[in-house]
């Protein structure tokens, strides 16, 4: 395998992900995972108000099967980073991400979680992807509930295609293991 | 508003006050650092004053302060005191307000703490210490409140650059340039 | 040691259960430290409490804020006065309009424009502030009820908040982060059909409030979980600088809108609800009552609002009208300089304060004559209330920490600035 | 026979899903994952400290009254059968089933009264 296996960067990963078609089992499990996302709402700031509106009856997130917030990383597979992540919050975010069960995805909800927004200073972290790999970024401060639902559909497509960071990493480890055997 | 507060203050504690004044409806009394505790205790316990409600405590850093349209004498220069700690007090009974301002030199920003007189100042003095590095003697537990312990320096000082980050934890496989992927 | 136990004790067992609690019978229990950490649903995600508990009872709670410190002061020192408005929206992001009005008032105080704004602007500011205060109380009451398990009132109150968000979006263009007010006025006039929509929304909200009160007020579980919990005495409230609904629940009769009247509040009749015991239930009832007072005030404002300009015609603060900007070079230069350098506020220091969702929200600004504030300190009520949380939760069960914290209504942005 | 099938189905389903999860599910262990979850902060102190005996009392008493309730389920199913005996001229109503359960409950009510008076289930 001439393709460099060390990175899960989407550009390289897309290249070698095409080489290995998904097995039928993978397709089935991804289909199951896609429609039953349990979110861990890592809520810190103003986007939390919009997160409430997304969960509220009007822009109901329950239509997409991601409605039930689980407040423990053990029982959730979608980490929604909602709001500004400060340097002091960094270790807590990293620890919670590490403690999540394996097929896990991350949505950066709002521009503060994506790039730090207009808080470019000593305390606000320029985006939560400084600490954890993020699958879908949602712009907006706070993003409109429709944007959040659109991001959820984006994530579902990515899960079905098997291109979430954690999915790519498991595929890479499996390939590295098989490569090691030969 | 209530000039009588300043008059009463100058009458009883004239020596302790550097100067008094009022700006935009607030009465300000510049108090000397040594007699701050005594003035504050009098303001709280004197029935005519009855300043029982603390409002806020903060600090102003006058480094390179150049007010537009003011004579050069007001500009900040090396010898002048660099920090001014402001305590705003309010009386619920008499409905008047006063602001105590204490000027501190740059090399020794230290003043007695008013945390025992008004419990609200306990956290606000910790915040002022965390942000400006002003030490409050006699404060129950003076430690950082906003920043994490490993943070070095006092961020709100004028000479601390805005974007100087001291990260606690970073991702090990941090992509040098974020993935420029356009496809879903 | 003669055996002094009575026949009854011999038969029914050596000791009653209460006697067992003296020391030599029972090994002293060790205290356990538990983290009610930064990412906890009841902690609004940004406060960490290190609880030292003896079994279920909290012995000591070390409250650590600062997990959402976004440096409002440092950012506002590098932004012009008008650019600071978006930062003020994100202070108390549950009632953003009131922060905007507060920041505009401190600018006007320094410029000496406090009483000289067109009356229509003052009315619009009061209308949007009261709507914002309602969203604040609706969210606080809804979220605390949900944290105690009452999910339906949370949905109902969120439905009301959704109506208000739509209206505020029509007014300012954004659901939550409005940046609608400017120094010297407001940025746009109210939309034409605003009166009808607002009166309709107010009537529907009153209906929902009746439902929620029916669900919560005499609900045994809610009552037992809330009453007698986190009691604060009047002197303690004043000494720790508590303001707003929490102080009013202890009987401190202080409301900035009435004691230091600003804008057009003197012309509106409203009464200030006062609690007696100062426990969580009183805070809940005070907040509900304040929603009703806000509805009452909004109705009066809608009836009395005059027509007229929405921006003071003082050239220091107002942008030139668009027609002149494109035609005359002076207006273009003035427009350009106003945007680039910001409103030139004369040097001085001023402290202006308004009645925010959680109490007296004040801005202490030191201006140095340029378009950027030299120092902009926010006196945030949530930070003061959080400092009392440490001794409010002492000797309560761990389960009581949740309602106490819910009713303190600590908003991360405002508390950690 | 039906009970056997019931047990078989139950065990089969649980086994199937856990096996699927173990086989198909991806695994990644790291040191942080094994630590207890404490809302994102470092756990302080050990959970195995010694705390008051009241917890144990309440747990045991709950068990006692829980099992008492559990005994009532089979009794309700058989109640119809238990309340009829073959008398001389055909089935005759009898209070045997009801009396049995009444006796069982009375004994436990006496226990409850004793425990209540001793404030073993109180919390202060």
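Residue numbering begins at 1 within each chain, and the chains themselves are lettered A, B, C and D in the order written.
Assume contacts are C-beta pairs under 8 Å (C-beta built on N, C-alpha and C of every residue); 3 or more make two chains touch, one makes a residue touch a chain.
Since the model is a prediction, treat every value here as computed from it, not as a measurement.
Excluding subunit C, the assembly's touch network remains one piece.
Subunit B and subunit D have Cα centroids separated by 61 Å.
Separating the CA-averaged centres of subunit C and subunit D is a span of 46 Å.
Averaged C-alpha coordinates give centres for subunit A and subunit C that are 32 Å from one another.
The multi-chain contact residues of subunit C, meaning those touching 2 or more other chains, are 37-40, 66, 69, 71, 74-75.
Subunit A has residues 88, 91-94, 96, 121-123 in contact with two or more other chains. Multi-chain contact residues, meaning those touching two or more other chains, occur in subunit B at positions 146-148, 155, 162. A complete list of chain pairs in contact reads A-B, A-C, A-D, B-C, C-D. Interface residues of subunit D, counted against subunit C in their complex, comprise 38-45, 47, 49-55, 118-120. Considering their complex, residues 7-11, 14, 87-88, 90-91, 94, 120-123, 125, 129-133, 154, 157-158, 161 of subunit A touch subunit B. By the touch criterion given at the top, residues 24-28, 30, 32-33, 35, 37, 39-42 of subunit D touch subunit A in their complex.
If you check the complex, the residues on subunit A that touch subunit C are 41-46, 48-50, 52-53, 56-58, 69, 71, 83-84, 86, 88-89, 92-93, 96, 118-119, 121-124, 141-142, 144.
Chain contact summary for the complex, subunit B toward subunit A: residues 146-148, 155, 160, 162-171, 173-175, 178-181, 183-184.
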